[in-house]
Amino acid sequence: MLKIINGEIYDPVNNINGEVREIYVDKGQITASVAGGRTIDAAGMVVMPGGVDMHCHIAGPKVNTARKMRPEDHRLDPAPRTPFTRSGVGKTVPTTFVTGYRYAAMGYTTAFDAAVPPMAARHAHEEFSDTPIIDKGFFVLMGNNEFIMRQIAAGEHEKLRHYVAWLLQASKGYGVKLVNPGGVEMWKSLGNARSIDDEVTGFGVTPRQIIESLAEVCMELRLPHCAHIHCNNLGVAGNWQTTMDTMKALDGRRGHLAHVQFHSYGGRPGKLFTSRVQELAEYVNTHPNLTVDIGQVLFGDTTSMTGDGPLAYMLHQISGRKWVNVDVENEEGCGIVPVEYKDKNYVHTTQWAIGLEWFLLIRDPWRIALSTDHPNGASFIAYPRIIRLLMDREYRREMLKHVNPKAIAKTTLPDQDREYSLYEIAIITRAAPARILGLKNKGHLGVGADADITIYDKNEDKEKMFSSPRYVIKEGEVLVEDGHIRQETYGRTLYVSPQYDPAVEKDIREYFDRYYTIQFENYPVQLENYLPRPEEVAID
Amino acid sequence: MQFDNVVCAFCGCDCDDISVTVENGRITQARNACVLGKTWFLSHSAPAHLPVARIEGKTASLEQGIEAAARYLAQSRYPLIYGLSSTSCEAQRKSVELAEVLGGCIDCCTSVCHGPSGMALQGVGEPTCTLGEVKNRADLVIYWGSNPAESHPRHMTRYAVTPKGMFVPEGRKGRTVVLVDVRRTPSARTADIFLQIRPGKDFEALWALQALANGRELDKAGAAEIGLTLEQLNDLADRMMHCKFGVLFVGQGLTQTRGKHFNTSAAFLLVRALNRHAKFALMPMRGHGNVAGVDNVLAWQTGYPFGVNFSMGYPRFNPGEYTVVDVLSRGEADAALIVASDPAASLPGKAARRLAEIPTITLDAHESETTKIAKVAFATATAGIHAEGTVYRMDNIPIRLRKVLPSNYPSDEEVLSLLLARVKELKAC
Amino acid sequence: MPCYINGVEILDTYAEAFGMWGSRVIITAVNRKWAHEAAAKMTGFATSVIACRCEGGIEADLEQTPDGRPGVSVLLFAPTKDLLQHQLIDRIGQCVLTCATTACFNGLPSEEQMSVGGQLRFFGDTFQSSKLIDRRRYWRIPVMEGEFLVEDKFGVQRAVAGGNILILGSSATVALEAAELAVEAMRRTHGIILPFPGGIVRSGSKVGSRYKFLKASTNDPFCPSLRGLVSSSLPEEVNSVYEIVIDGLDIGAVEQATRVGIYAACIPGIRRIAAGNYGGNLGKFKIHLHKVLEEGTPA
Amino acid sequence: MTTLTLKLQPKAPLEGEAITPDNFLGKPAAAIAGLPAMHGNEPALLGDFFQVDGDGSEEIVLVGDLRRVKSIAAGMTRGTVIIQGDAGMHLGAGMRGGEIKVYGNAGDWTGAELAGGKIYIRGNAGHGLGGAYRGSRRGMNRGLIIVDGNAGNEVGAVMRRGVIAVAGNAGDFTGAFMIAGSLIVFGQMGIRAGAGLLRGSIVSLKPAELLPTYRYACTCRPDFLNLIYQKLKREGMSIPDGCATGAYKRYSGDFNRSGKGEILIYDQR
């Protein structure tokens, strides 16, 4: 039992904007009152729900291959064992333990990995089992799944829906992810999709059809989270048109556009490179079916990892740095390249500005989530700095002095005066991502919510304030005090289990026999062995 | 009783389509398994004679064994945990924690097989794929320094050569198979093209092929040095650049000969260069059934795939410094825990001798050279026969092992958990 | 107070010198001959900034050079840093880069540096490469002979140009002899060059001219043949005058050269030693002959 | 001057990165003896293994068989470290300034990822001299390393700048994937020297078998070599007769990279 008194509460779901109220916790949940237990006096402090990261890369084969690839990165950031915590390494691709601790130490209590190929779902769950404190889940890669493309081409929408439900169950995943739909399949023969109307070689479908069908299926299955889309042409100059086409193709269906920063570029490949946020943000502003997360870039060294194989190859060709490509049979691909974003670089400055433009040009904070697409734009550790950039206009102006002046002049960023309030920050870092994910017990402090609470000392320097919360409470347990982890716990794995017609299994089994190298029976992830604390999120 | 879709965890193929027949508590048949797999299944079905624990050769209880082993380990300054490639990920995870608590080194068989492939990945990256991509798409399959017919007998028949795939409907006829090696091995029978290069010239051959893929010309002398004709080299490069989907499987002929990680780097760079012309992938022919798993477990827990040291309280990595052969042959390790491996038989003499000088503890289902010299030897159940667990295939695809026989022995994971708990008590942490 | 050396009167006057920017270039080659070839070409047509854009000359033969080969050092002076940089680039590019076997190094350890090799490298047409040794970068430019090595950056510092003495002799023969002796002595000092042919000027100039279009013209008060026509500065017994112009890396070097030059020039037959100035209105530095002699010895 | 005399041979590797002039400066002997040094997994003090004499000046002298002492003077930025005996792995790794002299042999990864300063080894050096740790983009990135004896494999691997000179022989893959800089081996190089060379120069006075991705260019005597030989002479290295005046065969490569690197092999004729 726990009582938090005298704190300024920021709980946008319940319309509480900085009022001093008391919060009661019992049995891991927020309750109306408690008798006894510890009392935390949060006088002069800011109380928010635990942070929710709805798009990051923290577990599974791609993350782990990146770990294997970057000993030079790890060497710079060793994390020693403590009486409460396991050891590991940090920097751009932290180990599982360090991932959990560092999210928690920053006041984040929930995180979703954005791209797991179902064939390696077991791997992601194994890593989740070693990722302490936070609750987590993942989105299942489906945008290049050959079985799915065949059903779409054949007009078998019913069968498609049953298959998607089966695949979510088999992988114990949380949502449906599309990465460069169709394009990754084409990359398997060195091609790529250049528009949403290119035909996917050998399958007779277009990215547009994949986007439409899967967005539709997510709604039909009443999944808590809508189709989560990484558009075609990520990172390519002029790709804003593809992004616009994708949003239009959704045609009123719910859809979440991931790391939109990387998809908002004007110009032509190799020529101009400009920001086209204004047009895209305006479209999102006027279409309530759409939500976005940003994928903010910050300057420094990081590791790009993506289900978008051709993109990684492009990055490798530009930088000449080491390159990993993994094509996963019948399902997906992935690519990994170390990347350094430099403040003097024209393109990198433009990317940095575009992310901030998105934050500042979207009018409704409920449809936007803070993300760096960790670690693609930057490590999640950078979130407090992004918060400062949003809350502190002067700091932003100071930063403008150090970036490429030609590039920044072509964006609207120098003209933006908007400053986020604490209330709005609470929206884009917890309330909105929880709502977009369809998590009813997260992102707020109303009675019945999970008692995931972060308490910050007030500080004019918002980066400092959000870097080291005074207390972090997970499921009612005070885990972090004064910036240090005081005990190690393991959070839950969130997954969905939509119903399907078992008759579809016959087709799937046949497909497995022909094209997979793993037996149909050995494919699904066993709940009891791989999800130590499973929590099935109910379907409405 | 018959169990279907059983995983054979013997080699890195981890074929999961084995039908195992159990009669009277013994495995009598392992249908679909290759000759190595059959032996593995049948040899593990023999009734157990070994005591669960032995201390200096004398029978002991599990508790006594744990106590003795924990004391040896807790007292040591530079303990080594080694092996792990033939046990489950669950046991591997415990082993890493034990190494961390001990402040010791942990290394796996990777460091003496495909460590150089891991180092090439760290140096230049790796274009690769899962085995099903090979089955579905590969029209050019190259084995280099690998003899799958003997080391991975179903590799060709289940994954890479014979099966019909989505874009290779003709199966074997739709593929060109090339074998490159320093001697004619039984695998050459399956190959359309066998190229015998001079021993110790793998790097030069791969480097020359990369030059051809980069549009350079070579001279006859360069080719002769490698042991091939210029025509042979040009022909191979031409096939590589003009295939639809090529794959290069690299074996220990590359990783464990002079040049080691540079040989694999050369292979990786060749495949990287080929991707300008054709879709091309590469895959190390991982040997043991879960050697890829231990790389993965180590990577997600420590950031590094093998040869990890915890003496500073955090993981450090440096092949040649913290790797098994080095810490043993330099006489640094002062205690060793060997999990499901027989280094006393397989490591170079100096390293193997060190194991006999220090308190060595083993976890193994069988008697081996290492269990014979062990101060404490635990007999454990075999993952995939008597115990469930997770393994990773050579292409990093995870599979759940099935249990087909009951066992009186604890699993590696169980012994390691007990050991960990006791070591924590002794070290008061 | 009058001052005499070996019976030669040293006038109580001063040389008026100007502030300029100076640099030192070390040229090495397979032997001294080729180093001198390059140095001579590089310092050709570099007597006066009035028409040559820079002033330069060979400072010394070097015993120790960066690459251990025979070499010479060259000083080059120009009114601004920019002009000096361009002159270095042009002259090294045209006269050293082209010259057999040479390499070219910065000889001036100075905080302020200019990119020289860093500009010349483009001659390598992307085939150039560089070496960084002891924090100094050297460019290797492939040429038909082999390779031209030139240092990336050259030091530059504020310097002094236009120091001078006038040797007033009883005859042309003795004036020349004295001037040559002075030049020989001055050239043994460090940090200066004498930019005119053989170190000597026979045609000292004055500011302005009777012609409106001309900024400088012959120094008529010192022309013996004009005695009687103009108000002459020459006593009756003087029949020929030589000037020695001194450019140096700092004022001390110019003063030292002035001093040893005066001593060396005071031979029988020389009547006076004077110096050229413009009334003190043009130059930054005044080198008073008496003061120079008081402050040092001829050594 | 501070003198550390090994009085007890460590049983496990001893982490010696506390031994730098930066750390010792201004500390009395007792404080230096109290600096931490992990002995295997066991926290220990320098004083447990070393007799410490003198005050904490910028000059350190180490005496004894230090093969088990790792990372001596790693990351040092100033001062002098003199070792009378053999040094363990990672000697002067990541060093940024100052000078190390070893009157004995040095272990593997000596001067790895060196960023400045000088290391002079009178005896032999191990593998990875001035090289890079796994995965690193670059190895040595400035500074000077001289070895009077032989060196192991991967000398100057992925080196970016600086000079390495080995009077004896060098192992395989000398200058592998070197980005730039100068690497001089008076003795014999092992196989596959300059594999993956991007730019930079590898010089050897002995014939070498080169990879098929090198092309003979010309026989010449590049002037920059004189600069390096002059520098090495100043540092006290003896330069074999003739190498400053003789000719070298220049091979361009590695053509699997830019081809802008060179291997210069002394022309024996």
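A, B, C and D are the chain letters, set down in written order, and residue numbers restart from 1 in every chain.
Criterion: contacts are C-beta pairs under 8 Å (C-beta built on N, C-alpha and C of every residue); 3 or more make two chains touch, one makes a residue touch a chain.
Small disclaimer: the values here were computed from a predicted structure and weren't measured.
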What chain lies farthest away from subunit A once each centre is taken as the mean of the Cα atoms?
C
Taking each chain's centre as the mean of its C-alpha atoms, which one lies nearest the mean of all protein C-alpha atoms here?
D
Centre-to-centre distance between subunit D and subunit C (centres being mean Cα positions), rounded to whole Å
46
Approximately how many whole Å separate the CA-defined centres of subunit A and subunit D?
45
Subunit B and subunit D: spacing of chain centres that average the CA atoms, whole Å
35
Indicate the whole-number Å distance between the mean C-alpha point of subunit A and the mean C-alpha point of subunit C.
71
Give the residues of subunit B that touch two or more other chains, as numbers and ranges in rising order.
122-123, 310, 312, 317
What parts of subunit A, by residue number, touch at least two of the other chains?
69-72, 75, 321
Please set out, as single numbers or ranges, the residues of subunit D touching at least two other chains.
133-135
What chain-chain pairs meet the touch criterion?
A-B, A-D, B-D, C-D
Okay, in this complex, where on subunit D does subunit A touch?
133-137
Once bound in the complex, which stretches of subunit A touch subunit B?
59, 61, 63-65, 67-72, 74-75, 78-81, 83, 86-89, 93-97, 119-120, 122-123, 126-127, 130, 146, 188-190, 202, 313, 316, 321-330, 336-337, 514-519, 521-522, 526, 529
Residues of subunit B that touch subunit A when the two form their complex:
4-5, 7, 16-17, 89, 93, 97, 100, 118, 121-133, 135-137, 158-159, 164-167, 244-245, 272, 275, 278-279, 281, 295-297, 299-305, 310, 312-317, 388, 390, 392, 396-400, 429
State the interface residues of subunit C toward subunit D in the complex, per the touch definition above.
28, 66-69, 103, 127, 129, 131-134, 138, 140, 146-147, 149
Which part of subunit B faces subunit D closely enough to touch in the complex?
76-79, 102-104, 119, 122-123, 203-204, 207-208, 210-211, 214, 216, 218-219, 222-223, 225-226, 258-259, 262, 265-266, 269, 273, 310-312, 317-321, 332, 334
